[in-house]
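Order as written gives the chain letters A, B, C and D; numbering starts at 1 within each chain.
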Amino acid sequence: MEKAQEVTPLLQVTGVTKRFGGFTALDAVDLAVAPGERLGLIGPNGSGKSTLVNCIAGTLRNDAGRIELNGRDIGREPAFRRVHLGVSRSFQIPRPFKSMSVIDNLRIPILWGQTPNSADGVSPWNLGSDPGLRATDEAMKILEEIGLSAKCDAMSGGLTQVDMRKLELARAIAAKPALLIADEAMAGLSASEVDDILRLLFGMKERGVAVIMIEHVMRAVMKFSERIAVLVAGRKIADGDPQAVVAQPDVVTAYLGQ
Amino acid sequence: MEFPTALVLNAIIAGLLLGGFYAAMSVGISISFGMLDVVNIAHPGFIILGSYIAYIVSDRLGIDPIAVSLALSPLFFLLGMAIYRIYYLCFEKRGQESLRGLAFFFGILFITEVALVLVFGVDYRSVRGAYSETTWRLGPMDFPMRLVVPFLVSIAMVVGIELFLARTFFGRAVLAVAQDSLALRLMGVDTLRVKEFAFALSIATAGVAGAFLIVIQPVQPAIGREYIGLVFAVCVLGGMGSIRGTLVGAFVLGLAESFTSTFAGPSWAPAVSFGLLLAALAFKPSGLFGR
Amino acid sequence: MSHSRFALVAFAVAGAIIAASPLVPNDYYFSAAYTVLQFVILATAWNILGGYAGYVNFGSAAFFAVGAYSSVFLYKWAHPPLIVMIVSGTVAAGLLGLAVGYLTLRMRGVFFAIATLALAVVLYTFVVNWDYVGGARGAYILQPRDLPFGLTRYIHVLYAAMVLMTAFALVIARTIETSAIGRGLAAIRDDELAAECAGVPTLRLKVLAASVSGALMGMAGTTFPYYLSYVEPSAAFNLSYAVNSIAMPLIGGMMSWIGPLLGALLLGTVQQVVQVTVSSEWNLLIVGVLLVVFVTLAPNGIMGWVDAWKRRKK
Amino acid sequence: MKRLVASFSGALVALSLLAAPVLAQQPLKIGFGMSLTGPLAGNGKAALISMQIWAEDVNAKGGILGRKVELVYYDDQTNPSTVPSIYSKLLDVDKVDLVVSGYGTNVIAPAMPIMMQRSMTFMGLFGLNVNSKFDYDRYFQIMPSGPEPAIGWTQGFFDTAMGLNPKPATVALVGADAEYPALALQGAREQVKRTGLKVVYDKTYPPNTVDFSPIVRAIQATNPDLVYVASYPPDSAGMIRAANEIGLKTRMFGGGMVGPQFAALKAQLGPLLNGLVNYETFAPDVADKFPSLEQFLAKYQARAAKEGVDALGFYLPPFAYAMMEVLEQAIKAVGSLDQAKLADYMHKNEFNTYVGKVRFGKNGEWAQGRMLAVQYKGITGNDLEQWRKPGHVTVLTPAPYKTGNVATPYQDSRK
């Protein structure tokens, strides 16, 4: 495996710790993601995966450690600015904007999530006529890829669980991130649907988008990940080539529980 | 500003007695609003209704107004059930959020006020218990029975409700319905009946608090509007859905008002009390004992 | 319709209404219209924070009173023309809105509502003890004698000002609603955390909505001292402003600027008509009953019916 | 079909001819807003009943200028912002011939601009110092507070106090944060300047205060010779109860308390009122000075119980009736409804009414104030009958109505 030359990593998490009262959810976790890299993040329930995601996304403030994006410390940035800087996450439990249609749900990240100084985009603060309407074709493209274009005008509150998960992912992608965090995007999907999502996530590589996939569907994780990190009880116990990591004794015991 | 001991002692007593009264006024809101998320703006209206019922019955039969209100609380209980049934059909069943209930209860507040004007007229009414003019003196401290009796009955009522909710099955069901009515429904409990019972209980406390009010000061139909802010403030300061919190919140506001009136300017009492609430909300949004 | 064209249409209609005022048979209709339009502005303004962003403001009477009392202060201090009073009252209330906006940082939902109620009580106590503006004694604000444009009665000036202010409020509300900011606010209303993670600057939008909402509510109160000629705290902080500013958007529908307009015109007109036809306490009873009936029959407001009908028709 | 229409229109013409003479007999409409709901509904309803009794009396005698009197009124809900619309409707739509005001300063003032624009003669009911700012020459006011209302209102209490031997030195001022009490306290402060007293307590309290003992204790701590209170009924009851509960020691207590004038508080407080020095507008002890008032009170008290308003009617009802008497006498004297002539007549002449002789001076206020300062004494038990007979209300000032001297100090005269 050629040594990645000294390119600065897209995401550099060093020594991140998070405590809730006495309980230590994250204990000095280090993690690095290169631009466009496909990282699998696995671990039993309650291992701190979601907490790590929330610390990276900014919805939780880590008690110690640094989080850098493209070498810049984003530890103090509010969540919305981290989205502008290129970090976009989907939620494990879908959180659609219920009063809006499916396509309107995508207009929010397109208008507000994309890096505001992007050349073509008009700033959302501009009070001209509704820029949301101009985002239609961009939104429809994402909906086609994710397979929701037929329901674009349906109310998002009425979608099935599976479609809601797809909408979650579509919304995260619509923010044109540099790093996409897919939090259990495939739970409960059929095999063919898992393949559709995998194809979509593979497509991220060409757009230079790095992906952290958090999944229990091992088949998808093994197929997708260029590298796998394993979290157990708030500590990273493995990080490297997928086959080697899965074979590691302590990973096996953590999963199968001896 | 000197603090002579007699003034301080009496300020504490007055604050606690006032707090006891405020607790009786607010415990109903702590149940309906704190636990059931029903924004019952008309609660002070039902308190005034309680005052008038206590006035009429005790005026005719010569029984003590507070005794009358306790005896008649089942009537208020039934009234509460009827109101909740209407509220449930119009709002709760369709999953309306509580804001809609706010306008509904504003309407009810106006209706009760005008109904009282039509039935009882607009003159000031008041009632005298046998104890209204007696005051116990204990050294520098004095205990006006006009405030002590409502205080004692109020504490008994509030503690009784707390024990009922904590100890009995039905009480625990009410607490549970506050946290997660879906889970309760999955366990086969008819949440409608539990909520109806809880709301009816809150209106019953309003009837009793009404008797306290009319013993303490003269009442006329429009006075209810003055107490809307107070009852919600006590409930939220104490902590949503916590009866113990309501009691503590009531004492905090009662003491704040009493000390401000005695030592600073009485005109600033509401600003101090509500300023306290604002500060508490800013530092501990879910109130002192909130869930 | 684009924002600028809508603004042109709105102010054109306002101009037409003002131009048509000589056709009005007598002054009663100006006085009644002044009050109804006052509630249109209050409801529209309340809805910007309450309907669009989902933050319920219980203290709208305080914003109205800030607008009214800033006019009283200016009247006593420098007696400037009406337009100066309107602008400064709006700015003052907007600053209060800014402060309330930052409250949303710490509080949400019912706690925010109770905090605004507490803020209103604190402000009421300050005004009661502020002698310069009359405090509890109240202050006399005499309507000017010399009237512009050859109008005969000052109520015509107040009415015209209120029509223009209503147009201004509606334009602001619609512009916010049908822009990216409006979409951002709707996202905050539906799920604030998800909105933040979709890149919406939730705090800035909430502060903007609270400031604009507060400013417009204050604007509704700026001409009130002249309308009343004698302002004392319990008139400016009246319960009817808190009640109506919430009930009217609820009845009309909270999703768009048309809702509060409809609700205010409907409930406001009913209150005005009942008040000067029913010579007894029944008028308050009728308002109470109507409030209950409207809210139960129109769960999502009148606009809710319209949307449901449209969706059924499609 | 055509024939039918012809005969029908014929009948119509005949009818209209018939109706013609009746038209001249158009009713004389008197319009006003009155608080029938909200906090001041008690006073509003009592005033309304008195004005209705007046209308019935006048119509029984054949009305005014041969026209039956009709009262056109709306509920202002004790909310000043309803007043401009109500009075525009009365003048522009209902086209009333005459207007009078509702009860209290904060509903009279908002009507003033409309009255001035239409130069109507406007009769006010218990407005305190309203016209000093408007300076409108056709405004008149029926409350006997005198040329300087706020000072006239407090004159009795302070004159009596300064008559004490030895002269009092310190005074405590307390009142509600509301329009009337604030104006009364302003008058009291002017009295303090005039008399050279030292103010040892001067604070106000929020109107919905429940417990007054903290306030009364703070006052007792300053050990004042006099305690002047300006309050509304619930506060007055609370203040008097607290004074009794903590045993307030001072030479004179009372002043500007609204409440003890009403039957409800007279019955509820009963003996607690003993020793209180307060203002009144009438007392059975001076009934001889107002001979015809007895028959009005009989009519009023008959209806009061049924309507749920003040059972005695000593405070406001006689003045609501007197206000209409003044208008009646002015219209009859002038012989028309010409507002200018009416105003001129009312400025120049004295009126004999149920509340005695009324003459208007500066700003339409009474030329000579006659607020009674009284002291309650010898009340036993809580029945209302004892208040109907003289012997419990000593009138201290003004001189022509004086029936006795003040008993001090307050704590002794309470026994």
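The criterion applied here is as follows: a contact is a pair of C-beta atoms (placed from the backbone, for glycine too) under 8 Å apart; a residue touches a chain by one contact, two chains touch by 3 or more.
Keep in mind the model is a prediction, meaning the values are calculated, not measured.
Undergrad: Provide the labels of all chains in contact with subunit A and in contact with subunit D.
TA: Chains that touch both subunit A and subunit D, as defined above, are C.
Undergrad: Going by the average position of its CA atoms, which chain sits the greatest distance from subunit D?
TA: That would be chain A.
Undergrad: Quick one: most central chain, C-alpha centroids?
TA: C
Undergrad: Using mean CA coordinates as chain centres, what's the gap between subunit B and subunit C in Å?
TA: 31
Undergrad: If you average the CA atoms of subunit A and of subunit C, how far apart do the two points sit, in angstrom?
TA: Centre separation, subunit A to subunit C: 43 Å.
Undergrad: Taking each chain's centre as the mean of its CA atoms, how far is subunit C from subunit D in angstrom?
TA: Whole-Å distance between the two chain centres: 36.
Undergrad: Taking each chain's centre as its mean C-alpha position, how far apart are subunit A and subunit B in Å?
TA: 49
Undergrad: Touching two or more other chains, which residues of subunit C qualify?
TA: Expected reply: 125, 128-129, 281, 284.
Undergrad: Could you list the positions in subunit B whose residues touch two or more of the other chains?
TA: 113-114, 117, 265, 267, 270
Undergrad: Can you list the subunit D residues in contact with two or more other chains?
TA: 36-37, 41, 177, 204, 206-207
Undergrad: Tell me, which pairs of chains are in touch?
TA: Contact pairs between chains: A-C, B-C, B-D, C-D.
Undergrad: For the complex, give me every residue of subunit D touching subunit B.
TA: Going by the criterion above, the answer is residues 36-39, 41-42, 44-45, 78, 177, 203-211, 213-215, 217-218, 221, 233-234, 237-238, 241-242, 244-246, 259, 262-265, 268, 272, 307-311, 382.
Undergrad: Going by the contact rule set out above, which residues of subunit A touch subunit C in the complex?
TA: Going by the criterion above, the answer is residues 57, 59, 78-81, 83-84, 88-89, 91, 95-100, 104, 107-109, 111-114, 124-132, 171, 175.
Undergrad: Touching residues of subunit C toward subunit D in the complex: what are they?
TA: Residues in contact with subunit D: 25-28, 30-32, 35, 125, 128-129, 135-138, 140, 142-143, 153-155, 224, 227-230, 232-235, 238, 240, 272, 275-281, 283-284.
Undergrad: For the complex, give me every residue of subunit C touching subunit A.
TA: Subunit C reaches subunit A through residues 2-3, 175-176, 178-184, 186-187, 189-191, 193-203, 255.
Undergrad: Give the list of subunit B residues in touch with subunit C in this complex.
TA: Checking each residue of subunit B against subunit C gives 33, 37, 39, 90-91, 94, 96, 98-100, 102-104, 106-111, 113-115, 117-118, 225, 228-229, 232-233, 236, 240, 265, 267-268, 270-271, 274-275, 277-278, 281-282, 285-286.
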